[in-house]
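Given below, in the form of structure tokens, are the structures.
In what follows, chain A forms one complex with chain B and a second complex with chain C.
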Partner chain A sequence: MSFYRNLSIKQKQIVWAWMFLAIPVLFYGVIRFYPTGNAILISFQNWNLLGARTWAGLENYEKLIADPVFWKVFKNTFIYLLLGTPVSLVISFIIAYHLDKLRFMHGFLRMLYFLPFMTSAVAMAWVWRWFYQDVPIGLFNNFLAGFGIPQFEFLNSTTNALPSVLAPAVWAGLGFQIIIFMAGIRAIPTTYYEAARIDGVGWWTILTQITIPLLRPTIVFIVVFSSIGFLRIFDHVFNMTTNNPGGPLNATKPLVLMIYDTAFNSFDMGYASAQTVVLFMILLIVSLIQLRLLRSK
Partner chain B sequence: MKKYIRNLVVAGLTSSVAVLASTSAQAVEIEYWQYYFDARVDAMEQLIEGFEAENPGITVKMTHFPYADYRTKVSAAIPAGEGPDVVQLFYGWLNDYRAANLIQPLPEADFPASAIDEEFFPMVQAMKVDGQYFALPTAVRSLALFYNKRLFDEAGIESPPATLDELVETAKKLAKRDGAGNLTTAGITTGMNAQDHHWWREVLVRQFGGEAYQDDYKTVNYASDAGLAALNFYTSLEKEHGVSAFGFMDEPQAAFKAGRAGMHIDGSFRIGSLNKIRGLKWGVAELPAGPDGTKSNYSSYWVNAITTKAEGEKYDASIKFMKYITSDAAMQTWLDVVGELPAKPSVGLTDQNANNEVFGPFIRGLAYAHTTKFANESAQRQVLMDMVARTDIEGQDAKESLAQAAEAEQKILSEYYAK
Partner chain C sequence: MSSTDTIRASSATLLAAKPSKKPKNMGQIIRWLILFAGGILMIMPIVYMISTSLKWPHEVYNINLIPEEPTLDNYSYVLEDGRFYGWFANSLLIATLTTISNLLFDSLVGYTLCKFKFPGRTLVFIAILSTLMIPTEMLVIPWYLMSQQFGWLDSYWGIIFPGLMTGFGTFLMKQFFESVPDDFIEAARIDGLNELQIWWTVAMPLVKPALAALAIFVFLGNWTAFLWPLIVTNSVEMYTIPVGLSGFGDEVDVAWELIMTGAAISTIPTLIVFLIFQRFIIRGVVMAGLKG
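Moving on to the complex of A and B:
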């Protein structure tokens, strides 16, 4: 106790700060850092959940590089990212931009856009999965068939399946992005717009010279946030393709689904951990690149 | 509570007797683990009650877990000296459990291999390694052809098809299309994702004169004429005869339940959920025979095994318990409560069971059923799904797709058995 009494006020503050911080630090250590470290360790081992772990060295990583499914999945993951992020960014900005100008039923419309974000991804994926079915149960194909148009293979196709799965995922994320964009637009001081109007500048110039540059922090946030989301896409894909997870012919399989399959169907924990480490690296690199590219000058 | 009091009484008695004479029966408690499924837990409770009545001095404690946690829990507990003395596992996991030293062989004295070979349906021999049985089932499952009686009546069909040719003809009469030519009622459901991959592997390939695997399921053998004929027959249902569509109504069983499919191949475990569908009139028939009259079926099952944790008197008690739950009476209880099929002909082929309108076709199928020894069932199923998808979506030649599938599956098997 005398030790504590001899401390300066500043040092006492530090002691107290650490006492309060100890709980989250411990919590994070146990549920975040320990499993992360363990996963990295397991990626160098072979383990089937039963029995002992054996040292494998780089075997799992070599297997990964030689696995054609991994490269297909790697490509899919980036298609989800490169298709999903810009599309959702543009759509959500356009909606937010116009919604911001609208007064009539503003709150109601905003709620409509936000609803899908609150809906369970599992329920939504199943509903869309049924929308996409062939006649006689699929909504879209029944509609097409009603006009005598041939059916469109949404999910049972190697080219159409990925965009079909991505569409509801984009739609589900829109609500959140619109809200963030609207908050960003509202935060821009109106004086800039007044000055622009006095100068007689057109709406296009206002948009590209004032609104978008000043929205940069908002855009950075949304891009990083939605990129991570699309890189980790799982629930929509898994639920829409449970009959043939990530199929057909791996056309929709993202990395997370491959990890799940390797770990809990093949019980190959070492190989699954190696995939997890790769995903972790991808997320890290993509986030760092985006932060650097979009950093304000 | 009653059990608890009885335990106390038994424990009290034995300990007081033990003071007087150290040679006396002890109260032994063994643990039994299975995954959670309502009817299975009910049935096991009944069996435990019967067992305890027959064997005073032994009590059985049952613990059950959700299916998803089962494997992790078992693997963590046994090496730590905790957990079950007798454990339930899927037949396909036997190799993994054996390799991880979680289960021990059943003693030859109490479970002579020759007697088991004779008494059980033949596919149970998949549980025999180097002449020693490691595990035994109480109940088994097999495949059969479900058919929609109402659609059969409408089409004027009197009896379910007995051969593959009849199957195609019957399906043609049942299938319906709308004005635009889209299938609205399937003659027969198809989809490798459901039970069809078993039908193809163990039934169709054999019926076209081949055998899907050799060398105790370690070598893929279906890249042959028989395999090609089986694949062509399967895909012809959609492509040539137009009586089916892969993925019709999302899931084969969904189409059948909705009354949109005339026939559907599925396992005995589907009976329960079909019973719940109101207004669906369905019947069951044995799987159709092949062109040369060959009959075949696929059977899967959950087995019970004694773990390496059981030692001494717990081991002896576990043997008694294993004997009890693989007895004829236990199998009858399991059929009555869970609706799973008896693993022995002596129970299954009684007049009452074998001629049962619903269970009969499944039980009769057991006599000629085969059990695939999977290294990784979901990965091996995926291979067959992809095989059909390549011919369907990408228009790949059937022979090429078959060869590619055989190669992919062989890779899975080789990797697994190399460990």
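Moving on to the complex of A and C:
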């Protein structure tokens, strides 16, 4: 204790700071950084959990490049991204833009749109799975039948299954994006709009020349945030296709589901780790490209 | 123009431009009706889930929203064997413990990085920030191996340990501690409080809104978490609600009224909490989203 008393105020601060950080630093080292290194290491090894870990060099990565399933999954993952991100961005902006202009029961309307964000992906995946069933079970097909429209194949069709699985993911994320957009719209100083009004500018010009350019930081945030979400899609796909995960014929399988299958059904840890490294690279590259494209100008 | 003038001018116009409570013209009425219809459409999946959970099996395939003879039969059937109570308790425990841990550690680290000057500060900050770039999916395999080695598989600790602290929470709290004046901390130091007391009794009460926002995010995230609990749990008793529900759906296969009941049981509690604290939660989500 006398040692502590003899320290200067600055030195005491250093002691306190590292006391506060001791457990967290240990945590981040052991639970975040060590596993990251370990995942990269395992990706260069062969290991089925039971046998010995043997050095494999680039074997797992070569296997990945030669694997037609991987390329299918790679394509699916990007379709989730390229469909999901723009669609949810446009819908949420349109809703936020108009909702912002309403005062009558504003809080109630906002609540309706936000509610799906509070649900769990697993529960809602099962609800939507029921919606998608064939006549006479599924809600959507029953509705269509009511209008005399022939049955539509949702989850059983190789072309329709992916958008069908994506829809509840977009739906659940809209509420979050809408309120972020509304906060962004509110933050635009009204002086800009006054100036526009004095100049007698139309709403379209105000929208494209003032609102959207000034919302750039909000748009960057939403695009990056939702892109990461769609690239990591798993819960919805897994639960809507439990009878044939990622099916039909891998038509809905995203990279995370392939990782799960490889690691915890085939126990091919080396191969699965190589896939996780690829996922990491994809997330990194996509985020960097988006930040570069959207931030500049 | 000075900044105060700008504020005064804009607030004046804001007041003047504020639309009255009632929609004034046809355009506003149409806009309201369309948005109202859209909002109703948004909650339809939730409404149908609840409606179907109250229907008898023979009525499930009708698209009517209000059950002809509402019944709680499905609920008593689903809850009968007690598994859902167990999963519910597991999820509640796990989400609560994780939330408490994040509130304590994320704020302590955020506070330290914000208010202390010490060698290694930038390094620690960048290291923690960089963990935001590491996807969970990359870590589940090493975490699984770690859990296997230390006997953490199929235990509460096994489910909880990866989420005890988050870079997101730390970064969020650091941002909010920036707004706590250094003078307050200096004054407390002169009053003879030690650093732990200053953090807990002076700084923490000043960032309560941020703590609440973080709590909402962490709790909801852990309540709905699926991938890691699915991997780390083996026995039915250890399942969380999402993992249990997923297995239950497969088990009852085509009994959609039972699946809807299970889904409703896992969803309704968060919806009730949301409806009670609606304004507060939305403000918290915006705050966390924009600052984090």
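Just so we're on the same page, the second predicted complex is superposed on the first by the 272 of 297 C-alpha atoms of A that agree within 3 Å, B and C clash if a C-alpha of one lies under 4 Å from a C-alpha of the other, contacts with A are read in each partner's own complex, and residues count from 1 in each chain.
Note that in this section a residue touches a chain if its C-beta (ideal position, glycine included) is under 8 Å from a C-beta of that chain, and two chains touch if they have at least 3 such contacts.
Computed from a predicted structure; not experimentally measured.
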First, second, both or neither for A:A169, with chain B first and chain C second: neither
First (chain B), second (chain C), both or neither touched by A:P248: first
Partner chain in contact with A:A274 - chain B first, chain C second, else both or neither: neither
Which superposed partner A:I233 touches (first chain B, second chain C, both, neither): neither
Partner with the higher number of touched chain A residues, chain C or chain B: C
Contacts of A:H98 with chain B and chain C, given as first, second, both or neither: second
First (chain B), second (chain C), both or neither touched by A:W130: both
Chain B versus chain C as contact partner of A:L215, first or second or both or neither: neither
Touched partner set for A:Q13, first chain B, second chain C, both or neither: second
Touching both chain B and chain C, residues of chain A: 129-130, 133, 136-137, 243
Chain B - residues contacting chain A, complex: 71-72, 74-75, 96-97, 99-102, 178, 180, 182-184, 191, 193, 245-251, 260, 376, 378-379, 382, 385-386, 389-390, 392-394, 419
Touching residues (chain side chain A, partner chain C) in the complex: 10, 13-14, 16-18, 20-21, 23-25, 27-28, 31-36, 38-39, 42, 95, 98-99, 101-105, 107, 109-124, 126-131, 133, 136-137, 139, 142-143, 146, 168, 171, 174-176, 179-180, 183, 189-191, 194, 221, 225, 228, 232, 234-235, 238-239, 242-243, 256, 259-260, 263-264, 269, 272-273, 276-277, 279-280, 283-284, 287
Partner chain B, residues of chain A touching it in the complex: 46, 48-52, 129-130, 133-137, 141, 145, 148, 150-151, 155-158, 243-244, 247-249, 261, 265-267
Touching residues (chain side chain C, partner chain A) in the complex: 6, 9-10, 13-14, 17-23, 28, 31-32, 34-36, 38-40, 42-43, 45-46, 48-49, 52, 60-63, 105, 108-109, 111-112, 116-121, 124, 127-128, 131, 133-135, 137-146, 161-162, 164-165, 167, 170, 194-196, 199, 220, 223-224, 226-227, 231, 241-243, 245-246, 249-250, 254, 256, 259-260, 262-264, 266-267, 270-271, 274-275, 278-279, 282, 285-286, 289-290
